[in-house]
Every structure is written in C-alpha cells, then in structure tokens.
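What follows is a pair of complexes built around chain A, which joins chain B in one and chain C in the other.
For the complex of A and B:
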C-alpha cells in the first residue's frame, strides 16, 4: 500500500522546469522570450516581477505542491531584503527540503 | 487564482486560515493591491483569524471599472464582497485611501464592523494625492518610483514601469477616479466621523506626512487610540511585522486574552483534580 500512496519525489531539475513554467504564465511569454531564466535569477531584480506577480506565482506553487509545503509561511519569515534578493534556486532548495522531510 | 464574481464583476481575493471563527478583512490603498498585506501582515493575523484580502476595482488582478471610486461606491463594493463571502461582521483594517474606505464602512454599516483599524489614512483635503493626479506624466512616475525605491528599497525595471504607467493612464484618463477622489475632500469634516462607535486603532508612521491627519482623527473618533511606528507613509512595507502585531493585538483584545488564560487555568485545575 505504501508504495502506491508514496508520491514521486521531484528532482531538482523537474522542480526548476515547473517553476519556470509558472513564471512564464505569470509574466507572459512575450516577456520571457527576452529573458534568460536561470537558477540564479532573482525575482525582483532579474525577472522584474512586482509583488502582485509574486502573489500569483506563490499561489501557483501552493496549489501545485499542496499541503506539503508552507510556502506563504516560509516567505513571511523573510524580511524585505531577503524577499528582494530571493532567487529561484532558494525556492527549489526549499521545495526539495520539504519533499525529503515528508 | 481565486477570482470570484461579485455583482457580475471579477474580484481577486486571497484568504488565509479559512474556517477560523473570526474574520479580518484588509483593504489596500489607491494605486496599490493586496500584495501590501499578503507576504507579512496577513500571515501574522492568520495565526488567530480568517484573513480576507481583496484587490479594489481596476487594481491588482480585479476587473477594470470606469466608475465608482468614491467612498460610497467603495463601501458598496466591500459590503457586496462581505455578502458574497457570507461574512456578517468582521474586524476591518484599511491602509491609506483604504483606511478611509474602512472608516466609511464603519459609519455606513456599523453592525458589519467589529473593530476598526486605520493605517496612514490621509485627510483628503490636504493630501498631495490630488495634486499628483493633476500633474501626472510618465516623467513624474519615474521620479515618484525613484523616491518609492529609496524609502522601500523596491526596485522597478522597464516592464514594471510600463505596467504601472498603463495602470495610471487608465485610472487617470479613462475612469472617474480623479473626480471621485476630489469629491471626497471634505470627508474629515463629516460629522458622522465623530459618531463612529467602534474601538478604533490609528496606526501612523512617526515621520509620515499623514501624521497630522492621524492626530485629527484621534481627536474626532471617540473610541480611538493612536500608535506610532518608525517610518513614513510606506509603513506596511517598511515595518510589516510591527504593523501586523499591532493589528493582531488590537483585534484579539485583552478580553479574549483574558478568556484564553482563564481557560488554561481551568484546564490545569481540572487536570490536577483528576490526578
């Protein structure tokens, strides 16, 4: 039974691909074409996302990864500087940590 | 993305801790959106309350609308939202122009507001907002954003600048916002403000140019108390945790805390009795 209920843990690369698709949905394909979205991309500086776009992105992360991660809780523990400097890689690592501690 | 229909208009809302007994509703300011609360303030309040945030018409991800930016229409919108969410009475907080909306709500529908919190609400008669609308241009926006960047450390790139410029152009030239806000310039002289019977918390920044407005309200609203936090008008961005904790303590109130302590004491007594 356990084998059936245990969810497949996503690899680092798979998480990166999912998050990239969320960013594309939020800011629109026409803008993403000119961008090089990497793990080192920061949300505000490199991707130029504003706060309401980060809200949309957070909602997508929450609805995709569900109750296994407290994404809003994690974000709320950060101060403004940390939020501004938040990189894609930080989120990938956070999701990976949540998956392994399930 | 929770976008709900309220009176045939799409309204973007966000909710936390659904199912909690009491609800806090947060109203953002003009030219802003619910993200001012989403990251830090709402999660703190959600430790004790069901929290509802919404984007005003033409703001954030809510539907655009040509009319209805006066306080009557804005409180109609809020009443309709409460109806749609089946919320009879809520703890209400508003920031900047949203603070005026929250006050107007308490004046028009007192039974739907349990307690009122007003953050950095300006006196519309001496506020710079109206002059900003008159002199608006893209160059002005760049200046304004540079200043905002200095005080909040938020940066803005070209795509964001264009996005904001489109929002301002729409609001200023294609909606009634200018006229509607102008018509509210005597709001602080409304006698009904002196009849607000709710416990009211006024939160202002120590170096805010809206501080004199806060003092006026403190002298007019009978059951008001005022609390000052380091910062200027951008207080919720500059001091989100302190703002959130002030709101939470005010909404929870000493009566509730007293009950909680009492409940724990009784539990402890009962346990010791059974042992």
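For the complex of A and C:
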C-alpha cells in the first residue's frame, strides 16, 4: 500500500479505507465491529475518541502520508470547536486536496 | 477537587519553617483540612448582592454535570473556570489588600489569583496540579491556544491589557511531577518539576480498618473515579466494576456512595471517602479515572494502574501512564466488564507494570518534593538584593 501512495493519487474510497483501518488500530477491532464508521462520523461524538486516541490516530496518518501532506500543521490550525466537530470526511477531503495540488 | 492537595502539603512545610500561610477559598469546609497554624480567608460577598449569590448557586450545580472527551474542555472553561474566576476576583483583591502577602501561590486554573497578583504587583508562583495540560500544548496546540484566548479575555476584562496569559507565573511555576513521567518537551526555565507533594496532609476520612484487615483475599485493589459525576453515570460504571471483579479472588476497595446499589459483592469494601494515602501502602493496584493526584499518589507508592479517563486532561494523564509503561488504559465509553477484568489481572500478574511504576516512584523521589518547592518559594519571597551576590563573591575570591 505504501508503494501505491507514493506513485499514484489515491481515490476518495481508498483514502477512506486507509483511515478506517487506522481507526480500527487505535480503538481495537472488537469495538469497531459494533460501530458504523462512515464519512460523516465525527471523532469525538460518533467514534467517542478521546484526545489521546485522536493524537495516536493522527500519528498514524502522519507516518503514512508524511511526505505528501502537512497533517500536523493542518490539525494544529484547528481550534477547539473545529476539533470537536472533526469528521472523517474532513480528513479525506484534505488529503485529496493535497494530492491534487501536486 | 484535588487541586488544593499539593498546597496543603506545601503549606504544612512552609509553616514548619516559620512562615505565615493562608488559603483563599470559597469553601468554608477547607478549614478542617488545613495544616495546624494555617489560616483560611474566605471569599464572601454581601448577602444583598443578588448577582454574586446566583453565581455561587450556579457554580455549585454546574460542577456536577456529566461531560466527557474534548468537549469537556470547552465546558470546563466556558461554564466553570471563567465564571468561577470572574466570581472570585473581587474577593481575592480585597483579601490580598488586607493580608499583604510576600508571595502568592495560585493554582494554574485559578488565574484570578495570578491576575490579582499582577494588578497588586505582588510576586506570585503558580501551582500546576494538572501538568498534562502543558503536554497538551504540544499534542493538540489548537486546544491550548483556545484555552489561552479564554484566559486572556478574562484578564482584559479584569484590567490587564495585552494578549499574553499570566495564568502561569514566569517567576516560578511548580509542576508536581517528574520529567521522567511528564515526558520530553522543551519548556522555559521557570517550569520546575518538583515531583508530587503529598506529605503532611491531615487525615480526614475515617475508614473501616478492621473490616479491611479481615479481608483475606489478595491482591487488594482500589477503585476510585473521583466525585464529580452524577448518579446514572456512576451506576453504570460501578455496575461494570461489580461484574468484572465481584467473583474474583481479589479484595476491592471502592470509593462510592454505598447507596448506589442495594448490595455489593462480599469481596468489596465500599466507602464514600477513603484515606487514600494511608491505604496505598497496603494495596497492589489502583483503578482510576486518570486524575493527576490519584495517579501520582499511586505511582509514588510504586503501584501499577488501570486508567479509565473520563474528561478534561485525564486522557493525557492516561497517556503518560501508558508511555511510562506503568499501567493499562481503557476507553470510558467503550469498555465492558470483561475488559476491566482482563486489565486488572494484566497489571497484577505482569511484573513489568510494577517495575515501571517503581521507576516512576524513583524519579518522583529524585525531583525533590516539598523541600525543593519551598526553597524556590523562599527565593521568590526574598530575592537577593541587586548586586549583593557579586559583592559577596568578590569578598570570598579575592
């Protein structure tokens, strides 16, 4: 998968799948089974992730897409309300934007 | 709230060195917990002041609300800290003008104390009872910036212009943990990691020691999730604790309202309050919500933890426990009884957790504690006269 990311632009669907796998790694497979993870899922309310889980999710995003996007900078620019409302779709769109601007 | 605790130990040590020490608070019951010789200066307003009276009732109710996750930080500032500090400010100014202290110690969340110190030009030190909040600056800087904006807004309202927060003193900020536990982060020199300060506290809570000694099942664990959550949350939480540990070969000390359930398992001892520091030497592990005080007191005794963070900075405190390898973390919203059972047995049976907890204890001991904190405070109260040191040196070295 890493090879693909460095050579091709990922589709919206591919990015979604990768992010979903990171969420599974962070909160654990057995919990994810009971959850309906969609693009509209918010990290805080729907996925019930606390700040340390959001940090560890963002570390996975960083190490996967590291060279191509400034995820840390993007996340840092968010204020509290934006973080509370952050949805999966926001990240997918951000990654897509970074890819197409290359 | 446990934020007062480190100042009780510091105060006892300061009194021991012959200083005069007073506490400014809204809470009259604090008088019973102060070290001998300590003075309580209550923030009180005229009965006729309807606005202030309403605020007092408001603050009393609001602190019992259920909040969790990142949203709880918004709640903490907007609904609790800003109104509380605004409410206390006038009273603090009046008290300080009469008491005329040489040094003020403000809790980092009681920024009204720092603002008052700045307004009256009195040196102040800051007591950081929730150090994970500092670490959060690095992990999620957006949250920290938002917090600073709230504090600065209040500062401006109370007469301090500019957009730099004065909440933590640039002369001395005491952080009650060790560098080892806190983790890597570059911070200015005025942040002093003195370790937890937990000695010399008044023992307030009676405890059924006889029943405790009669509990023959080992190991022994303590379960405590603080006091600020309402009935339905507690019922759900302790229901899982009962399911997880009710039939296990362990003795369980639970900090809870005993009326929460009609009956508790035989291997449980339930009390609304416990003398935690006196109890810890006899325990093998602690299950808690990741409050800084309970975590540090547990690690000061070299015991492993199961942390189930609920709100505020607790998620980050839990992160430090995991980073130091001294415990296991569960998600408060998601965990089931079986996960708690597994986590408890994991920290009890794998000696690596205890060994890691003991490394943290060692780092706490090396941090210096109350004695180091007091040396720093005394220096702040009576700075050497300008040029005095240089003059002394010349005398000795020429």
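Going forward, the second predicted complex is superposed on the first by the 96 of 102 C-alpha atoms of A that agree within 3 Å, B and C clash if a C-alpha of one lies under 4 Å from a C-alpha of the other, contacts with A are read in each partner's own complex, and residues count from 1 in each chain.
Please note the rule applied: a residue touches a chain if its C-beta (ideal position, glycine included) is under 8 Å from a C-beta of that chain, and two chains touch if they have at least 3 such contacts.
Note that the structure is predicted; figures quoted are calculated from it, not measured.
If you put the two complexes together on chain A, you find that chain B and chain C bump into each other. Shared-chain residue A:93: touches no atom of chain B or chain C. With both structures placed on the common chain, the touch criterion links A:24 to neither chain B nor chain C.
Within the superposed three-chain model, A:81 lies in touch with chain B and with chain C [touch as defined at top]. When both complexes are overlaid on chain A, the residue A:50 reaches chain B and chain C alike. Look at A:73: by the touch rule set out above, it reaches chain B but stays clear of chain C. After the shared chain A is superposed, the part of chain C among 205-213, 223-231, 241-249 or 385-393 that runs into chain B is 223-231, by C-alpha clashes. On chain A, the surface patch touched by chain B in one complex and by chain C in the other comprises residues 27, 31, 44-45, 48, 50-52, 54-55, 75-76, 78, 80-81, 83-84. Residue ranges on chain C touching chain A, taken from their complex, read 68-71, 73-74, 136, 139-143, 145-146, 309, 315-316, 318-319, 329, 331-334. For chain B in complex with chain A, the touching residues are 1-2, 14, 16, 33-36, 38-40, 43-44, 55, 60-61, 152-160, 163, 237-238, 240.
Touching chain B in their complex are the following residues of chain A: 27, 31, 44-45, 48, 50-52, 54-56, 58-60, 72-73, 75-76, 78, 80-81, 83-84. Residues of chain A that touch chain C in their complex: 27, 31, 44-45, 48-55, 75-84.
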